[in-house]
Amino acid sequence: SAHAQEKKPVRVGFSIAQTGPLSGAGKSGLLALQIWRDDVNGRGGLLGRPVELIVYDDQSNAATVPGIYSKLLDVDKVDLLIGPYSSNLTAPVMPMVKQRNLLLIGNFALDANARLRHDKYFSSLPSASADQWAAPFFDLAKQLQGKAVALLAADAEFAQTLAGGARNEAKKRGMQLVYDQTYPPATVDFSSMLRALRVKQPDAIFVAGYPSDSAAIVRAVKEIGVGDSVKLFGGGMVGLQNAPVMQSLGSTLNGVVNYHTWVPEKSLEFPGVSSFLARYQARAKDANVDALGYYLPPFNYAIGQMLEQAVTATKSLDHKLLAKYLHDNAINTIVGTVRFNEMGEWSQSRMIYIQFRALADKNLDQFRGPGKQVVVAPAAHKTGDIVPFAAARK
Amino acid sequence: MVKLSVNAIDAGYGAVHVLSGVSLEIRESETVALLGTNGNGKSTLMKCIMGLTPVTRGSIVLEDDEERIDLTTKSTQEIVALGIALVPEGRRLFPKLTVHENLLLGAFRAGARTEMQRNLDRCYAAFPVLRERSGQLAYSMSGGQQQMLAIARAVMSSPRILLVDEPSVGLSPMLVKQTMDMIGTLKRELGLTVLMAEQNFHETSRIADRGYVLVHGQIAFEGKNLQELLHSDLVKRHYLGA
Amino acid sequence: MSLELLVEAVVSGILLGGFYAAVSLGLSVAFGLLDVPHIAHPTLLVVGAYATYALAQLGIDPIAAGFMLMPAFFVIGVGLYRFYHALFERRGGDIALRGLAFFFGIAFIIEVVLILVFGVDQRLVEAAYIGSSVQLAGLQMPSRMLIAFALAGLLTLLLSTYLSRTFTGRAIKAVAQDQTALALMGADPVRIKQSAFGIATATCAIAGALLIIVGPVEPGMGRLYIGGTFCVAVLAGLGSMKGTLLAGLILGITESLVLTSLGTSWAPAVSFGLLLVVLAIRPSGLFGR
Amino acid sequence: MRNWSRFLIGATLSVLLALGLTRFVGNEYFFFATYVVLQFIVLATAWNILGGYGGYVNFGASAFFAVGAYCAVALTQSYALALPLQILAAALVTGLLGFAVGALTLRLRGIYFSIATVAVAVICETVIMNWSFVGGARGTTVLQPAAPAFFSSYTRLLFFVMALLALLAVAFARFVETSWIGRGLRAIRDNEEAAESVGVPTLKLKLFAATASGALMGAAGAPFALYMNFIEPTSAFSLNYSVSALAMPLIGGSANWLGPVIGAILLAGTQQIVTVTISSELNVLIVGLLLVVFVVAAPHGILGLWHKLVARGGQRP
Amino acid sequence: MSAPLLQVGALFKRFGGFTALAAVSFDVPAGQRLGIIGPNGSGKTTLINCICGTLRHDNGSVRLSGVDVSALPTYRRTRLGLARSFQIPRPFYSMSVAQNIAVALEYGVGRRRVHASAARKEGLTVLDRLGLTAKANADVGSLTQVDLRRLELARALATQPRLLILDEVMAGLSSVEVDDMLETLASLNREGITIVMIEHIMRAIMGFSQRVICLDAGSIVADGEPAAVINSAIVQKIYLGG
């Protein structure tokens, strides 16, 4: 590898939020990509050249993205591109890569290619659309004989998209939306809303929210209660995957069923993931990021692996060849073997729903082992049966 | 025995020299008039005594039985604490506080707090309209009412020496008389020492013991008693409309 | 909407309003009374929240932590004011606008320091009263909101008594109106302002504790509270403590009613629309002078 | 008059320069970055007309910017209007919004006015959030059309358009400043009642300034969605626009039309550079420090500092 | 016969529950020199504010040359030839003395294009009249209270009024200065400007007015020849304290 160091590096460029509301996940993802860079360089780099990351902070603000990606392409002349974290920030990049016919691996952007149908876009998010994302939740609701559904979503991009999916999936299964409300960002007190919702006696409650709301809603549920009718509570609450939030909420989380991408359960022990997490967790404290790293980091490491496998196999940095390879082959990553469909989405959705069980308070380590975040859907990865909300909270 | 002496001071604002070599003296229980036409430095002199305008040369000394204090080295708060109060030009009330609140603030200095109630009664007795309007915000008082409030507020601080900058400005003739009477009363009853800049020489001369005339930032004339002052050419020319 | 729901919404709104008042009281002093364009106030709240978090990690109760932090915050406030005074007030000029930009700058700097020290993740605290509720005349109310309301009431009472009953308090009310005149009353305007700013900042310790008791905090959160806190302080009529409590309650009740009835997503428009309406009728706020 | 002719020559040269740049600069990134700086020149200059000259601090610049942007989006979605018409329409709508804000000055002074503009911004944002036609909270994709023949990319066209807008804004601000309008606004800033009593039609002037300022801010926002190929409320209503709109004139010097230009170039330029160099939480720190240092070191803006230095230099023989 | 220049008809003004003006009516024929006196707080300033439109009156009418101006904003009244000075001076602080005048010159008479050099000359004439020439380029902040009053008057004059209303412009002037000012005002009056003057300085009122009105508690209590008004029992009692 001493030889590799002398060669011109392979530059991988992207922006990721290190400040602003998206920075919590963004920073943990960045650490994962840096670990991948170190790993790949340890293995001798790509095509015998060292890998260099060119990273900018987009401040969680979509308005900075066009400038940043133009800089990456026109000034830094990067060899490979990764999208910014989250859908809203990816949107401005899509027309650029389409126009210039470049390969882009999207970073947890939901349904980013729907409009442009760019043939060199690939997603790292294990779900192709909002419908697909929400579907397992409603399967669970069906399983629990749920008919009346309440929907509560934050008035912001991701939550609204997901809520759209939830509405479709509920309708498909003939369920009735008895409450469907959007709440403004920075809402402090959810008790009024929960009371209004409780009156409608729903069987299932689907919440799409961001970290601060998610925590506040979960607490309000404990304080105010949601009524005896509710058998399934949870859905798309961002933030309940974050270590500090989970640790603080502790037993308050019991019974909540929420989406996730990876948890330490038997069915998700893909090769390499535990060793990655061990290395990640060792560096997390110094980097001041999420201590567990279950949500975004494995998938960001996987982004690196996707590029690595394609480049190594094709022995080329030609985007056309790389895209073709990614379309045609199964990619082995620490989050499993991935196949892409023609839209660049995962051909098999792997969004999982977990139920928090038997949690104690003030204990971060309990989340490190199985049994606490039981995968209840989809069937392929299930490690336990769903328990109705009230029963799971006892 | 209290005495305030201003010794050959120079003062000004940056490049503008206003006072040069001004000396004067105010002794206990005296009422001293400070005369001088517009822009000659009367207000500046008073501000110098209060430590609001820096003195570039000379000293201002307050003497009593125990000590001699050079005021030029003291801050305004310290000077006020020594029992000197100023009714400033332009009134400088707290516009968005009520009349009552303005008066209470007058009693801020430690020495005045114990006598607050007595002083308050005294002020309300002298200016009944202030009691009537005690809840009104100062800015909405009429010009003359504001002037009364400014004087009353200074009295609230139980001063030993009271500096008054043109108290009669904006007051009706009747109130000018009453104000002068009140200052006279304070002097008689409390032994208050007063330095008063005033254009209304006619009314001033009813209570003044003696006076100075300031011309172009210098003391142009010193009247050792009222008679001397009344007969000074300068005064005749400028104030008595000879 | 049923009557029961309405009553519950109003009660929730009152509690929420208490919280809004609590986070705005310091601003009512610093901005309302002292005329300091303290746009960094919400950021100091977040500092208070993180400081509470740090103490809570040591096992100290968050409310107790808030009170314990008050002296330190008083000192921080004094220091910040001295800095501001030396750089702006003493030099004169158009301080209102420059001060605004200055405090924006300060807010950004503090934000970065918070990121560097605590990271960017959300932080929460735990306590017995978080996640529990109290049965009050048949209504179930979150304990943490009740605490927020009680503390807001207490702070309002203390501050308004202090301001109207003590000499220093009255001087604080006067100091922004005419400093020279205040000096002529025998008070040192700079020291008066300094201690008032200290007091204003000390309330950020308690209010910050409330912030993290009520919900998770993150370093950039201050920005979300700029509109709200200034709205409350202005609606109150600058500088009135009772007005601040009342303005907080009005906003809280409005928001709660809108959230309970249909169209929750319109809550901000309704609250701020209300502010416009009040200003149209009373151009200097509810208790403005 | 001679001053004006010099200004006109300068303006013409700038247009030619901008046009030349779109032909001869190869690096696309240049246009992405300078577009943003130009956009801030328009925004800061527009803000200064009401805030700097008239003393009414508008704290809701982001509302004007975003409403302008959304107005253009709505028109593209429904009528596919040409860019100049979009800008015109956006200016018209935000001009009306400015007029409404100007009407607030009828009763509200000082900080009360500023907070009212914040309220206006929140209300506008809520409306957009709930307006599904333009994408609501989720935002919507607005693809750039093909670039017209002369320009090799659409971003270059946008750069040129923004350069024209900046010139227009600056010329307009300069006209206001040096004409009777500017002197009237200054009197209003000093003392409104006294101004009125010497014959200054205060309400009319304020309405004029608020309308013009609003229209220009809206125009600055109109091409935003095309620049991004996308729009969503959070970034369009970013606090950044409101802060910059007042910080830039302040840093440059708000008494003169050149002040906002200098402030915008300095602050927006630094931000652009920092975003792609230091690029971490430290870029927030740098903006913070910049604000603090400049308002402390240059109380009358950079122009004020410059005049002071020149005056001092001039005294020395 | 043409209408009087100013007609005030049954004017009412209340502040909250307090009635500051109660049915004030009077006419001022063109060319008259009218003095208004009255105890502090009797409503004189409020009256002017209502006439000029700075305050909106609750009831009644104000006519200029027969035209009802009650609904017009202040600036329109100014352009119809109505100018006033403020009792507490309100200069444009960011401007020099000359620039203060320039604004009034430019806006006072409709909005007209004043040629720079012509305006400068016109401005200088006005400043000269009031003895402010030497301070033309001075910062307003450095003026004394009395100069600020002169500036108030100069700025009002620059709007080229037919009717000039002065609120205590002579407060704080010494006798000589009062005489100077009276001289200036008299010459303005000779040029055809109607002048309404509020003043507490009796010498000025008596030396200047052709007619005097006395207000008390918001109502006119005396109106007529100066000597008759001054000697009336009511004026003696409420105003002069004789």
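Each chain gets a letter, A, B, C, D and E, in the order it is written, and its residues are counted from 1.
The rule is short, and it goes like this: a residue touches a chain if its C-beta (ideal position, glycine included) is under 8 Å from a C-beta of that chain, and two chains touch if they have at least 3 such contacts.
Only a predicted model underlies this, so the values are computations on that prediction, with no experimental measurement involved.
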Given chain C and chain D, the chains that contact each of them: A
Required steps from chain B to chain E (each step between touching chains, minimum): 1
Given chain C and chain E, the chains that contact each of them: B, D
Chain at maximum distance from chain C, centres defined as averaged CA atoms: E
Core chain by centroid distance, with centroids computed from Cα atoms only: C
Pair exhibiting more inter-chain C-beta contacts, A-C or B-C: A-C
Reference chain D; chain at largest CA-centroid distance: B
Whole-Å separation of chain centres (CA-atom averages), chain D against chain E: 43
Whole-Å separation of chain centres (CA-atom averages), chain A against chain D: 37
Centroid spacing, where centroids are CA-atom means, of chain A and chain B in whole angstrom: 76
Junction residues of chain C, two or more chains touched: 115-116, 265, 268
Two or more partner chains touched - positions in chain D: 126, 129-130, 281, 284
Chains touching one another, given as label pairs in label order: A-C, A-D, B-C, B-E, C-D, D-E
Chain C-facing residues of chain D, complex: 57, 104, 107-112, 115-116, 118-120, 122-123, 125-127, 129-130, 239, 243, 246-247, 250-251, 254, 281-282, 284-285, 287-292, 294-296, 299-300
Partner chain D, residues of chain E touching it in the complex: 52-54, 73-76, 78-79, 83-84, 86, 90-95, 102-104, 106-109, 111, 155-156, 158-159
Footprint of chain A on chain D - complex, ascending: 27-29, 32-33, 36, 126, 129-130, 136-139, 141, 143-144, 155, 224, 227-230, 232, 234-236, 238, 240, 272, 275-276, 279-281, 283-284
Complex contact set, residues of chain C against chain B: 167, 170-171, 173-174, 177-178, 180-188, 289
Chain A - residues contacting chain D, complex: 18-19, 55-59, 61-68, 70-71, 73-75, 88, 91-92, 94-96, 115, 155-157, 159-161, 182, 184
